[in-house]
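There are two complexes below, and they share subunit A, which is joined by subunit B in the first and by subunit C in the second.
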Partner chain A sequence: MIKMGVTIIPEIIRESLNNLVKNGERPDDRSFDDYRDIYLETGVISKAEGSARIKIGKTQIMVGAKPQIGEPFSDTPNVGVLMTNSELIPMASPDFEPGPPDERSVELARVTDRCMREAGVIDLEKLCIIEGKKVWMIFLDLHIIDYDGNLMDAAVLGSMAALMDTKIPEAKVVDDEVVIDPEKKVPLPIKEKALMCTFAKIGGELIVDPSLEEEQVMDTRISIGMRADGSICAMQKGGIHPLNKDEILKAVERTGEITKKLMEHLPQNNQ
Partner chain B sequence: MIFIEDKQMVIPGDVLADKEYQSGRGTFKEDDKICSSLVGLVAVRDKKISVIPLQSKYIPKRGDVVIGEITDIRFSMWNLDINSPYSGILPASDVFGKEKRDLNKAFNVGDVLFLRVVDVDEVKKVKLGLKGRGLGKFRDGILIYITPTKVPRLIGKKGSMINMIKDETKCEVVVGQNGVVWVKGDPSMERVAEKVINMIEEQAHTSGLTDRVRNMLFELLGKEIPEKEEKPEATEEAADEEEENG
Partner chain C sequence: MITIISNEILGKNSTSSKRADGRASDELRPFKIEAGVLQRADGSAYLELGGNKVIVAVYGPRELHIRRLMQPDRAVLRCRYNMAPFSVDDRKRPGPDRRSVEISKITSEALMPAVFLEKFPRSTIDVFIEVLEAEGGTRCAGITAASVALADAGVPMHDLVVACAAGKSEGEVVVDLSEVEDKNGEADVPVAIIPRTGEITLLQSDGNLTPEEFEKALNLAIDGCMKLSEAQKEAIIRRYGD
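For the complex of A and B:
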C-alpha cells in the first residue's frame, strides 16, 4: 500500500546510489564531509523582529522570530519562553500536504527547539520582566519554502541566525505595569551558539548534508547538535536501521570539525 | 511573411509569421498573425510553424515506449508512475494471460519496467503493455530523468547521438519517450553517460551539439580528441518523430 505523501523510490535508484557511496562517491561529486553551497541572509523580513533566509543547496527555509509579552509557565516563573514551530508548505515538495502539521514538521520543530533550548542559546532568565507574571516569549517560525533534503541543519542554522538578528523593544516596569518603549530596541541576550550536523547512512557510510535524493534512499540518519565549545546539546536519530557505538562516536567527532566550519556562516557582528 | 528563423528561441506572445503560414503546436493565431504560446524553439516545416517547448511534462500517446516505476499493486493490475501527470496501469492479464497468479510474484513495488503505451482513453487513463521486443523489467543500472521534449535530441538523427554514447561508454542505454533514461554498464561508465546525458539536456537547444558531446565523451574517458574531418556543419535537429531503440 502506498503511504500518502511518500514518493516511491525505484529499487534501481536505491541500488545505484548505494553502490556509488560504497565506491566513495556521491551523486553530486561532493566528498562525504562536504556541505552544499550555503547562503544565509538575515533581516529579510521587515515586520519581524528577527529573521533569516537560509539556503543549503536547493533547500530553502525562511525563519522569523517574533517576541510577545506573556505569562511564564508556573514551574519556571523567572524565565522567558522560546517556542518553535515549523510549516512544511506544499510548494516546497509534492510530498507536503496542506493542513495540520504532520510528523516530519513536528519532528523538525522539536529538534530545532531542543537544539536551541538545551544549548542555552538565549539567556532566558534575562527575558523575565516581572517574576511569575510577565516574561518575553519568543516565537520562532520556520517556513520551509523549498525542500531538497537536510531540513534540520538548515533549520538550526537559520534559527541561530534569526535569533542573533532579533532585537526586542525595551520593557520597563513602572508601578507594576509593563511599559514598552518601541523606539528603544535591544538585541536578544545570546549567550551560546549551537549548530546541527546531519549524517545519512547509505551503503554503510555516513555522509554529511544528505540531498533529497540521498535522503530518500538512506538507511538511517543521525543529527547532532553542538555548541561552539564542542559539547553536544541535541541528538536525533531517524530511519529504521540501527547505528553502532563506533559510528555514533565517529559522527560526533566529525560534527565537531564540521560545525566549526559552519559557524563561519553566522553573522559576526553580534552584541 | 515570416518574422523568425528556424530554431530561433521565442517567448510567449512573440509574433512568428502572418497568415500565409499555418499555425502548429505551441502557437496561436491572433489578427491573422501567428504567435508563440510557449518558451521554446521555432520549428518551420514547409508552411507550418510550431514551437517546441524548452521544458515539458510527458503526455502519454498511444504507441510510445516508456519507462515506468511500479507504485502500487491492485487486485488485477499494477499502477505505474510514468513520469507524467497521468499514472499508467498494467493489467495482470497482459503478463499472465488468463491464468490467475499472485501479482507480486511477477513485479513488485519499486520495480522499473520498459513498457509500451497500448491505449490512452479520453479521460487519459493510460493502459500499458509488455508485448514487444525488449520490453520488461530492468535489473541494475541507473535512471536519469530528462525533459521529454529533449528525447529526440538525445537520440539524434537516426540514433546518431545515442549510438555514440553507447559505443564510447560500452553501456546499454534505453530511452523512454517519457524522458526516463536507463543506463547499465560499468559503474564508472554509467557516471560518464549520466554526465553526458545531463549535458545534452542542458544544451539541447543549441546547435553543433553532437561535436561537443563527442569532445566531452573523449575528455571524460581520457581519450585524445581525434582530428575532426572537415565536413559541413552537422545539421542534426530535433525531429518530431524519431524512433528510439531499445
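For the complex of A and C:
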C-alpha cells in the first residue's frame, strides 16, 4: 500500500515529517501509540447477513458477510470455508483504478484473511453440514470507500465486527438433503477475537496507525495481528526498507497493549 | 455523518392502497440525500431511497491518461456503476457484468447534457457509483446522487439532473417501484430529467404498457423527479449554506 500510483511527494514534506517524528511529534498531534478516532457500526446493510462500517480517522470501509452453501475443499472435508475479498474501488482514492484487483488489494484481502483464519476466529468445523459434501462458505467482502491510510487495521477490525454481527440460517439434513430454515437465524460460531496493529517507520521511529500523509513518506510498514490472549496470529511487513530484529520485537511488545485497547471497540458479545 | 434508515419502518403506512408497502400510487419511498461524505473524492454524495443505499464519488475535472478517449474540445464524463457483493440477497460476484456496463453508459449519457463539458477540453470527469444496498431502482438513485456529487465537486452544470422510475405493478401504474414491485411487476420505466427545462436525459422501458399507461407512468416519474430535485438542492444548501 506504500507505492502510490501517481501521487508525487515533495522531498521537503518527506523531510519535515521525518524531523517531526524524530522530535516525538506527529502531524495531527497524536502520540506514537495513538489511533485516530475509531467509529464502528454493525448491521448497516440489511441484505447482508453480517455487516459493519468502520472508520479510522477518515479511512472508511464497508464490510459485508454473506453465507452460501458450497462444497468443502477435498483436503478439509469437515470444515467450512471463509473467503475474504477486497476491492480498492476507484471511489476511495484518485490513485485507484477500475479493473481486476491489483497487488495492493490482493495483499489486503490475504492478510485480513490470514489474520482471521489463523486466529481461529470462526469455529469452522461447526459450519460443516454434510461431511465432504456441503459446508457453509462465508464470503467476507471489503469495500474500501475512502482511503486515508492504514487500511489493514480498519479491514481486520471491520471484518471482526461484521463476523460477530453475522447470523446464518439454520441448516438441517433431511434424507441427505440440506434444508434451510430462513426464519431461524443462528449467530456464527465465534471462538476467538483477533485484531491487527500497523506500524509505520518514519524518522527511525515506529508509529501506530499511519495516516495517508504518514504512509506516503514512511520507509516501511509492519502489521501485526494478535488474538485476545496475546498470541500473534499474522504478520506482514511491507515497503522496501528493512527493519532490524529489535524494532520488530518492540513492535510486538507494543501491539499487546494496543490491541487490548482496540478490542474495546468491538461489540461485547456475539449477538 | 451517515445514519441508516431501517427497512422495517418502510412498510408502515396506512391508507387503503393496494401497494405492498401501503404507499399511494404517486408516493415515493422515504429518502434522504447528503452531500460531501468522503474525504478523498473531489465531490461525493450519499443517498437512501427506501432500502437503497448508494454512495457516489466524483473525481475531476482531471487529466485523462487514456489518449484514445480524449476529446480535443471538451471533457469526457465517465461513469462506473458498481454493486457491492453484499448489496443483494445472493452475493454478487465482484466486477463489472453486462448489466452494470449498460447502466454505466446510460448514466453518463443522462448526466452529460447538464454539464459544461466544453469548459474542460482534453480532461475527464469520473463518476463512481457504488450501490451498497439494493432495493429496486438503483440506477435512478445513482443518477440522483451523482448530480449532487458533481455539484459538491464544483463541476459547473446547467442544473442538477434527477431520476426516478415509474412502472406497473399488479395492474396499477405507480411511481418508484420497490424491489418486490419490480420483480413481480409488469413494467418499469426509469426517467431522468433536467428539472429547469423539463428535458428528458434518460428513458428506458421494459415490460408491457399501453400508450395511455406509458404516458401516466412518464408523468408519475417526472412528478417523482421534481420531489427528489428539491431534496438534492436542500442537500447542497445544508452543506454550503444558502
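Keep in mind that, in the parts below, the second predicted complex is superposed on the first by the 265 of 271 C-alpha atoms of A that agree within 3 Å, B and C clash if a C-alpha of one lies under 4 Å from a C-alpha of the other, contacts with A are read in each partner's own complex, and residues count from 1 in each chain.
Here, contacts are C-beta pairs under 8 Å (C-beta built on N, C-alpha and C of every residue); 3 or more make two chains touch, one makes a residue touch a chain.
In this text the structure is predicted, and so the values were computed from the model without any measurement.
After overlaying the two complexes on the shared chain, residue contacts for A:E11 are found with subunit B alone; subunit C is out of touch. Within the superposed three-chain model, A:T76 lies out of touch with both subunit B and subunit C [touch as defined at top]. Once the two structures are superposed, subunit B and subunit C can be ranked by residues of subunit A touched, with C on top. Judged by the touch definition given at the top, the superposed model places A:S93 against subunit C, while subunit B stays out of reach.
Legend: residue contacts after superposition of the two complexes on their common chain; A:K66 is shown touching subunit C, with no touch to subunit B. Of the two partner chains, subunit B is the only one that A:N23 touches; subunit C does not reach it.
In the superposed model, A:T220 lies in contact with neither subunit B nor subunit C. Put simply, subunit B touches subunit A in their complex at residues 69-72, 81, 109-112, 138-143, 182, 187, 190-191. Of all residues in subunit A, those touching subunit C in their complex are 41, 44-48, 51, 53, 58, 60, 62, 64-66, 68, 85, 87, 89-94, 98, 100, 139, 141, 143, 145-148. By the touch criterion stated above, subunit C contacts subunit A in their complex at residues 2, 4, 6-7, 38-41, 44, 51, 53, 55-57, 59, 62, 80, 82, 84-91, 94-96, 126, 128, 130, 132-135.
Of all residues in subunit A, those touching subunit B in their complex are 1-2, 8-16, 19-20, 23, 25.
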